[in-house]
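Multiple structures follow.
One chain, chain A, appears in both complexes that follow, with chain B as partner in the first and chain C in the second.
Moving on to the complex of A and B:
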């Protein structure tokens, strides 16, 4: 992790008497991808709104690139890109027109959207009205829009939700490229595999609190159970056995299994991020 | 090493201009409202040019009774302005002419009327009228018959009349009545303003409902930029379209600048209404209904001006009364700045009230998304 691009210090926000975010603190380094995971109503959207300057925290402080977001909204927003979960595009405008409009809002005169459209695979459809785009095409345009100003911090809210595997893979590749370029990526997703694959670190948020935050590997090591599942055929019957990896006789048990003539398959088993979330919060992510 | 952004310097003017251009593009692609605008402008202009340009103040009266003809011809040619007399040989043909609506009123003088009147004998005159003839004209006909009878009998009316029997306060419009088509001008203007208010309301509503406004607010653009851009676009479109239709229906009269100022203030008012309706509406239909909730009461003064006489007192308190009164006064009566100043000031005050309310409601709506 490099220098901090995002620094959140004891931030809180309530909607009336409902506490949405309850004093969370974390940092995201430049070029780092942070997966921000939590069920609906956990406080993800409120956190994103505060980080992007759309809501002012009622307590604590949010800094992006060392600038207090509450007091430097314009400067901060000039350097971020946001991809919202809802496809809030202008349907009666073309893909090109959508990108040019947002470039103008960033003060970019003479912006040429063709490169951005090519990057998300929409070169051929750039002149079509967005209302004629498929869901996947709209999502790709959303990502292109978030990248219009070559942001230093990229906020992505469920960027691959409901997309076909090809579109999802294309978007993940873009996220990786942006991270390599040096942009910090703040990613919220329900897709645990996606978070696992993409994120350098993962934060679990539940009821406005961050309950765990670390690399996916460390979380699995700390909170998961490591084991090996062995499948064997003995006297015509198929049986399964789970061998824990952290007991004294693990080596002997595995040796016996591998040497057995009835061995069919052997798989390592580790907890998923969802398992860990359930273990930590007692509830699922969806 | 972090790559620097390629972002230029975002300015408020740049953001406002960008939003304005975008809204203009979206507005120009709204086929429903383009169709409605063309339809309404064409209808209003056609109606204006089709309706009669003059008011026919002549009452056509049929008369039967041959022995009264010389006396009545002399009476009508000297005393009664705007009276056209058509003679009938018998009562049946007189009645038929009224029933077929060729005539408005008919008077049947019985045979021997002249002799009876001069001899002081009581006689009966029958007056036929069309069912929809105003009561005051029927009364005037009765009075005229009595007056004719007095004149034939050689009596003077037992009253002393002043030199001018009617004192007109203000411009005497006898013989120069305002045609109905001219009375409709403020209504046409207001209808175009209403239409544009609903179009802008729909544009705002879709911006709010589709959350594109949230995307704008994630950039350096501020909510104030959005309000200014929407306000400027709404006012510009409503004003320019209304100005054009007023030109096409010859509504500028001798004081065009006063009319334009009133229309400009009206455009601000309906733009504010559009902001309120667009913020609260869920989709096109509810936005239209909400818009109508405001616009129908605001249209009442435009309807009231269609009828002769001063509008009811409560109508004069409606915020849009100033628009109608100033447009009508400057167009038809040729009133100047001094006479219009009070109404324009009141109208400007209402614009401030509506403008603040519209901006507040839209701002609140966007903030709670």
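Moving on to the complex of A and C:
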């Protein structure tokens, strides 16, 4: 992790008597992609709102680029890009008009919306009103809008939710590029594969607490079980068995399987992030 | 607050106005309502009697007809042209005055007078023109009228025509609809589509956003208010004062619109509030329509403080100085409402973030 772009220290927030975020702390470095995962109601949205200055923490402190967000809200907001889950675009305006309007609000002189539209594959439809866009096109425009100010921190809330594979891949590529440019990316998603592929680290939040935070590989190593799935044909029947890799007789079992004339396939298996989340919290992500 | 951000949001809303059905409706509405009122209460389907005159001499009758406000006079050069205009109902009637007509009448001769009446003209217009013409000729001859007509005014002699009393109501309808509905509906729409979240996460502040919405509402409310006043003949010699009064009305309406827009969740609730609360807005204008009801009651309602001055200026042609106190109260109410709108705006921002 490089310099800290986001620094969250013991942050709390309650809605009345309902505790949404219960003293979480973490840091995100410049150029790092943090996958922030949790089920609905876990505290993801409240955390994002505190990080982006929409909500003021009731305890603790949030700093972006060394600035206390509570006291420098507009300065911080000038340097971040937010892609909401809700596709809150101006439907009566064209894609280009939407981008120009927001670029002006960010004070971006000389902003070229055509370049941004090209980047998200909307060059041909830039002059069409957004109400004529498909869901995927709107989502791509949302990402383009979040990038109008070349943000230092990018907040993406379910950026590929419900998109076709091509659109999803395009958006993932943009996220990678932004990270390479040096932007910190705070990504919330329900898509475990996406989090696994994109994130340098992932944080699991549940009931307002971060229950685990590490690289996907480390989390799998620490909390998952490694195994090998062996498929064999014996006496005309096909059978499967899972051989754990961390037991005393693993070597013997594997040796027997490999030496068997009925061996059909052998695959290594590792736990998914979802498996780990379930293991840690006792609940699923949806 | 940032002037630049406010301007950018304002410019966006103005540019998008023509693409918004509500904005177009709010512009068309005053024209439509004026048309309906004039259709119902006269002057659109009940024009003044129209008479044409061909004068081969220099009769004093055309000048006398010209001086009559209730008659539209057209001077025609040729008899054939006059006949054609009457036949085609361009004119209700036509008079041909031969050379020396006045002198002949005064000598007691019986000169020939050709009087064309259009077959399609209104009976009332024919009677008015015939009686007026006979009366003028009798005046030339110096004859006394065969009967003495005693004019007796029934009812309040100081009362003004109903159509004129409607002018403040029409202006209020235009100004309030545009000033209240546009900012309120725009805010509510931005909340329901969450575009407001996207704007407020930029360096733009909620104050920039509110002022911009208010400016758009003011621009439209003031514009349609002036148009309504103009097409209803409400402008007096004190044009600056007339504009000032409409401006105060627009300012007050916009503040109400912003407060409603910030507080109300959806457009259905907005319509419900409009229906229920409309009486508070329109009460003074309704009271002006019924002069027999004690007029002080109107002063209870905030909109009186621009409607009262408007009524006095348009109906009684008073100057700004004569209505300065009421107008000052109107401005004070607007400022107080602006303060309230500011508080409501900040609460709305918090509520949106916590949603």
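What we mean here is this: the second predicted complex is superposed on the first by the 285 of 286 C-alpha atoms of A that agree within 3 Å, B and C clash if a C-alpha of one lies under 4 Å from a C-alpha of the other, contacts with A are read in each partner's own complex, and residues count from 1 in each chain.
Rule of thumb we're sticking to: contacts are C-beta pairs under 8 Å (C-beta built on N, C-alpha and C of every residue); 3 or more make two chains touch, one makes a residue touch a chain.
Since this is a predicted model, take the numbers as computed values, not measurements.
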Query = Clash or fit: what happens to chain B and chain C when chain A is overlaid?
reply = clash
Ask   = Should A:204 be classified as contacting the first partner (chain B), the second (chain C), both, or neither?
value = neither
Query = Is A:106 touching the first partner chain B, the second partner chain C, both, or neither of them?
reply = both
Query = Counting only touches as set out at the top, which of chain B and chain C does A:36 meet: first, second, both, neither?
reply = neither
Request  = Return first, second, both or neither, reflecting whether A:77 touches chain B, chain C, both chains, or no partner chain.
outcome  = both
Task = Have a look at where A:26 lands relative to chain B and chain C in the superposition and call it first, second, both or neither.
result = neither
Message = Quick check for you: in the superposed arrangement, does A:133 touch first (chain B), second (chain C), both or neither?
response = neither
Ask   = Comparing chain C with chain B, which touches more residues belonging to chain A?
value = B
Request  = Using the touch definition from the top, say if A:86 reaches chain B (first), chain C (second), both or neither.
outcome  = both
Query = Touching A:277, do we find chain B (first), chain C (second), both, or neither?
reply = neither
Ask   = On chain A, what residues does chain B touch that chain C touches as well?
value = 52-54, 74, 77-78, 80, 82, 84, 86, 88-93, 101-102, 104-107, 145
Query = Okay, in this complex, where on chain A does chain C touch?
reply = 15, 49, 52-55, 74, 77-78, 80, 82, 84, 86, 88-93, 101-102, 104-107, 145
Ask   = For the complex, which residues does chain B have touching chain A?
value = 1-3, 5-11, 14-15, 17-19, 21-22, 25-26, 29-30, 210-212, 214-222
Request  = Mind listing the chain C positions that touch chain A in their complex?
outcome  = 4-5, 8-9, 12, 16, 19-20, 193-195, 197-205, 352-354
Query = Which of the residues in chain A end up touching chain B in this complex?
reply = 30-31, 52-54, 73-74, 77-80, 82, 84, 86, 88-93, 97, 101-102, 104-109, 145, 149-152, 181-183
